[in-house]
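Consider the two complexes below, in which subunit A is the common component and subunit B and subunit C are the respective partners.
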Partner chain A sequence: MSRLYVARNPRVAARSLDGEMMIMSGRDSTLFTLNKTATILWQSADGTTPLDEIVEHRICQEFEVEPAEALHDAETLARELASHDIIQISEEPIPQRNPAAGEAR
Partner chain B sequence: MSGLLEEMTRKALKANVPLSVQLDLTYRCNERCVHCYLDHDDHGEMTTAEIKHLLNEMAEAGVFILTLSGGEIFLRKDFFELLEYARRTLMFCVKLKTNAIMIREREAARIRDLGVESVQISIYSHRPEVHDAITLVPGSLKRSLDAVRFLKSQGLRVIVANVLMTQNMQDYPAVRALAAELGVECTLDPTITPMMDGDRSVLGLGVDQNALRQVFRDASLVGDVEEYCAVSTNPDEDALENLPCSAGHTSCYVSPYGDVYPCVQFPLPTGNVRKRRFIDIWRHSDAMNDVRSIRLKDLTTCTSCSHVTSCTRCPGLAFLEGNMRGPSSQDCEKSFIRTGVPSANMLAKKRAGAGQNPGQAHLGHPSLVQIRVLPPSAGTSAAGAIA
Partner chain C sequence: MPELTAEVESLGLVIEIGGIPVRVNTTDPGFLDMLQARYSGFVTSSQRSEGGEEIAFDVDLTRTTFAAPDADVRVTRRLGRWTLERGDFLAEWEPASRTGRIRQTANPYSIDAVLRIVHTLVLARQGGFLAHSASAIRNGRAFLFAGVSGAGKTTISRLAPPDVTLLTDEISYVRKQGDGYIAYGTPFTGELAKLGENVSAPLAALYLLTQGPENRIDPVAPGEAARSLLANLLFFAEDEELVQSTFHSAFEFVRRVPVSRLTFVPDSRVWELIG
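Entry: the complex of A and B
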């Protein structure tokens, strides 16, 4: 089975407000807020860590959830975020010009 | 404002987060607009490193919307370096305000590549002889409109800002039509701001009452004219607990010299980022907290005014008149022109014999305010800023 890689779209704006991640789409300035799981996914989306590793090391550590079920949910979430141009997804690693951007704040 | 942005603004207010900051990168400019409130000399702008440091502090403080303005931002040689840092490294939602005369195809492409949210460009008229007579730069309208087209062709959101003055008042319908033809947004602003040194002579350039009345009764601008021009009903106690505006609550302004103010139009010094961390000024400055403490019920004169909840009263303009809890005469005048009902301030002045017929009066301005250099210690009281 192929692995999925996720990367933050450098064209979006992002900031954590009181623990909640605000994202503004670079496509049409639509504002989104991410829930806790989506925030973890966003912060981990460096383009080089496969989604299954993000799920195993970040999401399953945070929530009591079966890894297989978590991975399925994370893939659905990743595709939804990608449909809004918030992240990019690929079956190959995605080179990032500035992989740390958006991670901490 | 979108529902979600309103919700985030409420959350920012509760958490005391400066959600939105305007940072002027320079006061230098390549135009000399007749109504401009700035002096265009460089009195010691922040360096590239200082601005990057400030941007780091602002991101840490939770600033999300960063408006880069001036002066003319493209006069900074490091402009794109700063923009790239703000967008790529810190992921601010960046808005630009510019006259755009230095934006050509290459700059437009780079702005698009960096994911800027919007670019606001000042256009005073569709006629070069009017626009260029305001900017005092021959050919400036053509260059600004070329830039609008370059930016638009990159798919960027462009907003034409049309400041209304006596010189260009009759041109706003054509400017709006031009904006529509170019496929960009258009905003009108009839507010002329006093010079930063307190000089109010530029206010004479503002549109007269008849012209403003025409604007307020233009259904294509205000929608339902009757509703827009109606006098508000008596406010209840809850309404008087509202904030006068977002200045100092979820937004603030930083000058090219690092001075932090509640708003670009509210020159009350609250601290300088060269001497104190941005977040410390935001949270702990006495002046900022003084601004933050004000509710509508605390406004002298305005509390008893029939316009109190519908007035566009600007606390910065009130401050420039000498009292940030007092009325802003320019806004009193607007409320009167909009509704035909004199404001409490106008009536009080009439009673005191200071004014003439409120319908014809030129409102008195008791004192001027100067922006002064901050004292060495952090935090300045409101009174300390009044000359």
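Entry: the complex of A and C
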């Protein structure tokens, strides 16, 4: 089974305020507010850590959830975020020139 | 032999909003008079500004309306030049030279839209913005009252007591200055159809308007404050860089300016809570 890699889209603007992560699409100015799981996924999406490792080391540590179920949910979430151009997903590592671009200043 | 050519006299005036002068050049005296009346109080002088910060537009008046008068506004940038288009106008503006051209019929609405857009583009680079909100000065401090159409911007403006100076009942003008913000009066009117006063003051608070059974002020969580402000900002440009700066500007604003929810019944007692 192939692994999935996720990377933050450097063309969105992101900001965390009181633990709430908000992201605005640079393409159409749509504003997204991420829940806790999506925030962890976004913050961990460096393009080189596979999704299953993010789930094991970050999401399963935070929530009491079965790894297999968590991975399934994380893949669904990653594809949804990718459909809004918030992150990129690939079966290969995703090189990022400036992984922090658009992140809170 | 009679003169076959005559020099076309170039006329112009300067409309200064938020301390940013915009010169409008035209050859039509009637159009000039219309602008003079429309922006009364914001027209500074027909002499060229000494500051060098002036933006200048040449207006080409056409007799015919455009092919799609109801088309939505589009603001795009290519090779350092902005193109602003809507069904009733086509404009170009080059920030580097601070000059531009507007093609429209002789009406005040098209140039008013161009001015709003140009000011949003200028302010976005400076941490400021235009917002759908009424604003007013009381005791030397400015207050913003934001809300969608029907939230009560015009109502709260109409209820303002005599010691309150109204900056606008519709579009507030905010510039960043040091660690704070300054609110300016604008000629951009809403239902009240009354121009704001051309004055400014340090911004003390942003109120999110809701009409309800009593007058009260409630705190707003930072996330909700940022979301509400972003929802009320005027922003037209299809431009990723500017979207990012505007987004971060909104967060900077809510970090520095108190944001609360103002629930009010539509009578003048609400002003006992302000200022």
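We adopt the following convention: the second predicted complex is superposed on the first by the 99 of 105 C-alpha atoms of A that agree within 3 Å, B and C clash if a C-alpha of one lies under 4 Å from a C-alpha of the other, contacts with A are read in each partner's own complex, and residues count from 1 in each chain.
Convention: contacts are C-beta pairs under 8 Å (C-beta built on N, C-alpha and C of every residue); 3 or more make two chains touch, one makes a residue touch a chain.
Every value quoted in this text rests on a predicted model; they were computed, and no experiment measured them.
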| item | value |
| --- | --- |
| Combined model on subunit A where subunit B meets subunit C, clash or fit | clash |
| Comparison of subunit B and subunit C by subunit A residues contacted | B |
| Contacts of A:91 with subunit B and subunit C, given as first, second, both or neither | neither |
| Which of subunit B and subunit C A:64 touches, first, second, both or neither | neither |
| Intersection of subunit A interface sets (partners subunit B, subunit C) | 11, 13, 15, 17-18, 20, 22, 24, 26, 29, 31, 33, 102, 105 |
| Of subunit A, residues touching subunit C in the complex | 11, 13, 15, 17-18, 20, 22, 24-27, 29, 31, 33, 102, 104-105 |
| Interface residues, subunit A side, partner subunit B - complex | 10-18, 20, 22, 24, 26, 29, 31-33, 97-98, 100-102, 105 |
| Subunit B residues touching subunit A - in the complex, by the definition given at the top | 2, 4-5, 8, 11-12, 14-15, 17, 19, 59-60, 62-64, 87-94, 115, 117-118, 157 |
| Residue ranges of subunit C in contact with subunit A within the complex | 221-223, 226-227, 230-231, 235, 240-241, 243-244, 247-248, 251, 254 |
